[in-house]
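Okay, so subunit A shows up in both of these, paired with subunit B first and subunit C after.
Entry: the complex of A and B
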């Protein structure tokens, strides 16, 4: 049984590696190709022969690369073969013939038209984060012919990204997200200048990276980045199209529009104006923890592209220069996939007078940003793993595995007769996916809702606390059995142990309550490799 | 999302994202009238700890308009939530 699963695992690994290798070969071929073209641009005929020879002998090159190369090549050929002519007659039409064809369906709309398309072509936008939001946003902006699109992300593609991050592919798992996106985007529209920033945005780098762009899209996944991007946009005078998504909900805002300098009362509000205080860090949930439905985050990314096209085709540079108010008052669009109505549009206020970033007495300055004195991680709270317990309140997965097997070989079959109680505090849906035999599920959301003091009835006489109290009473009814708490990664389990003790479930120290270090992830890594990794 | 009818003397309140997780519901009805300045305290009595953990960082809207909870706008400090007003608690969602 074990040998079979090892064989299967190895087969999977080999096929994954082969796919990565094929993808790397494809990238290498493309890079070499471009390099050669730049180097030997003047020796056109010879290069063409050589290219033909190379591609014919490189059987591993992906079909798609021909599309990229052919388009690039014909452009370069066209540019190089008419060097004198270009200076003499002015171009007859403002766009290339191929552009009329490619963008025809949007060109004939009054909202875009020739002027709008030219503005898109001259514009440059930076997409911060090439994930669930950034992928669809980039696809539509590149498709629409935005002249320059910069992509910044420090992550690599993972298998668990693919259900929603539509530019990446199974073959490109392990590649940087920026490189993977560029492969997809350059085949979508080779006329767009794509700029790679394969790194995380930091307070030290944000000003220099963002200053070259006309507009920024916040497609990131954490509060610290959201404040950093907003602050930098205010300092540089760039409009910001910000979106976020979690589970079944999304939020969308166009911020700092018009992008007046700090203190400019008619400028659009910034992220700090709407959310002056960051969320308590223990309530911040990532898509990895909370879950995300692909079309939900996709919807938000597509809406970001839409708002960006609206701002750019209207002329972003004009807005900043003449200081007029935006034609649309600022709004926050809320999307609830399972709500009715699905969309709510909230009217926002203008800039907050006291805003630390865009207010009259702003304290966020370029110097403060560059020197690193604005500690965004600190402002938004610690994101470090929870370390709430002492050593004797914790047990390793290996030692817990011994307790399960040695104390009672039939552990799990009759948990009520067991020597101990194992509490799994993951949410019910996750518990239903997979769980340890004999474990009892008490979702962490229920635990954190439970008040420490008995709750009074509210005015309407509701007994909201009754079901929450249920689990406490159940544990109290077995006062002697030690309680082991487990969760997915080993954070919520620690907070649960603290809460259980605060509720007096340890009988003043007579009953042992502790957490299983590293949670089910550690269990999978050290004890049971077959336990699902979701 | 909101139950069909708001009982007399109440207003509907909508909870999004972390506020929905904390309260375990997406909507309910609270007694009106309620001064805006009393909203967070009222909710914290009902859901102990919600103010510090969730509400302090939230945007609040009344009838789809953003209201200031920082005490900067004099008009908002005097605002009283009336019967039938729709209030929403909107935590910042940062993931994506």
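Entry: the complex of A and C
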């Protein structure tokens, strides 16, 4: 067994390395091709310039030969020959020829034009989080020719990222997200200066990292980062383009725009103005738990790039300096893939006078930030692993596997799935993907919805007006069989055990109810390696 | 037009209530409710958003996890209340008096990315 899995592992490694090699060869070929083109382009340009110069002087000589005073002619020649004396001729056009070609389709739009393109080229933006939002945002900003794009992320690429994080690739699984994105982005547009920050943003580092950029994109996935990024943007006077997505929905806001100093009432609201208090941490659902559709988060990332281009091409530095109000009032754009209409724009409030970050008496200061006294993790709470049960209400996956496969050491009875009830509390869609043989699905959402006692009395005062939920009644009808509860990671199963006991399903302690520790993840790790990992 | 509708229903305000960002899960997965709310509360005061939130908790919120919607008598942090597509803070928050055909939207913030 062991030898086989080692062989399999080696095969996998070889194929991964081969894929990486192939990708590197392709990138090398592309880079060489580009280099050759640039060299040829340079030579061509030199030749063209010479020819042009020769033709120009010849035609001038011809034109000047007729009826022009010789002194004036000398003056003209002197003026014309002046540039020749300098070694480096001044650039004829504000952009490189290759830039006119590359950005031509956006250059000819009045919203961008030459001025807009030059502003993009001079601008620097920081993308915090190179995942489902950050990848498409970075691709469009690098494609559009933003001069400097910084990327910050502390994670490495995982296979489960690839359906939505479009800069990463199968061959680059295991590489840091920042490095992987830089490989993709530099082949997309080698003219952009890409800056790597392969680490998590922290309160200690945020000021020094963000101060070099003109604008920040919040492409992160948790409330603590969102408050930290917003606070730092207010302190440094940077506009913030913030987005988020979950399942089939997304939200987008342009914050701190215009980016006036704290107390500047005409500045754009910050994240704290809109959400002064963080959400309860138990209500924060990640993409890993709730799921996410690739194009949904992609849409939001693309919209972030769009808003960034709008702010930058309009001139962000001018806004900060002269304090004019933003041309658009603050809004929240909501996207719902299955909603009708799909997009909805909501008018937001302005700055909150009492805001801890951007208000007149702000308590979020650079010193407080740097000293680490603003504990963002504490402010937002953190999801501690659930520890709701006592040791004799729990069973390890190994021992549960024995119950399923070995004779009972106490009674000698043969193993059977019928000897107990196995309840899987994952949502129905997940249960349909894969489940243990003989398990019964009661989704945790249904269990949470179940009231502990009948909702209300009816008019006559009868207490049993509301019939008991179907699943509760079904379990009550087999009062003798022990109940094992399993879920994906081993948290919901514990809460379910508590709820079942509160509903009296344990017959006052006569029936055993407990959870399988670590859930199906532990089952896969310790018992059945073939059980799908999704 | 709308004045006639108002006259037609002297006791109830017809409004639309919507949920987004996952809040619909607390309301039996209904994203949109068409409700008729009593025009006046039991003290004879005009029905406002605070009254509506109470009404929703009493009559529409079947999930026992009511604290995921209201906390200490107010909408829980992280939920935006929007009155006719504007932040309720632009409209007077809980004291805003309901008008015929108002649209009240409750949005839970998303954090994924």
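Everything that follows uses one rule, which is that the second predicted complex is superposed on the first by the 424 of 534 C-alpha atoms of A that agree within 3 Å, B and C clash if a C-alpha of one lies under 4 Å from a C-alpha of the other, contacts with A are read in each partner's own complex, and residues count from 1 in each chain.
In this section, contacts are C-beta pairs under 8 Å (C-beta built on N, C-alpha and C of every residue); 3 or more make two chains touch, one makes a residue touch a chain.
The structure displayed is predicted, hence computed values, not measured ones.
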{"item": "Overlay on subunit A: subunit C relative to subunit B, clash or fit", "value": "clash"}
{"item": "Partner chain in contact with A:297 - subunit B first, subunit C second, else both or neither", "value": "both"}
{"item": "First, second, both or neither for A:97, with subunit B first and subunit C second", "value": "neither"}
{"item": "First (subunit B), second (subunit C), both or neither touched by A:353", "value": "first"}
{"item": "Partner chain(s) touched by A:451 [first = subunit B, second = subunit C, both, neither]", "value": "both"}
{"item": "Subunit B versus subunit C as contact partner of A:336, first or second or both or neither", "value": "both"}
{"item": "Subunit B versus subunit C as contact partner of A:285, first or second or both or neither", "value": "both"}
{"item": "Residues on subunit A lying within both footprints (that of subunit B and that of subunit C)", "value": "129, 131-133, 219-223, 226, 243-247, 249-251, 274-280, 283-287, 290, 292, 297, 300, 332, 334, 336, 339, 344-349, 445, 448-449, 451-452, 455"}
{"item": "Residues of subunit A defined as touching subunit C within the complex", "value": "129, 131-134, 219-223, 226, 243-247, 249-251, 274-280, 283-287, 290, 292, 297, 300, 332, 334, 336, 339, 344-349, 445, 448-452, 455"}
{"item": "Subunit B-facing residues of subunit A, complex", "value": "129, 131-133, 219-223, 225-226, 243-247, 249-251, 274-280, 282-287, 290, 292, 297, 300-301, 332, 334, 336, 339-340, 344-349, 352-354, 445-446, 448-449, 451-453, 455, 458-460, 464"}
{"item": "Subunit C residues touching subunit A - in the complex, by the definition given at the top", "value": "20-22, 25, 31, 62-65, 68, 71, 76-80, 82, 85-87, 89-90, 105, 107-113"}
{"item": "Complex contact set, residues of subunit B against subunit A", "value": "1, 16-18, 21-24, 26, 31, 45-49, 52-54, 56-57, 59, 61, 64-66, 68, 70, 72-73, 88, 90-96"}
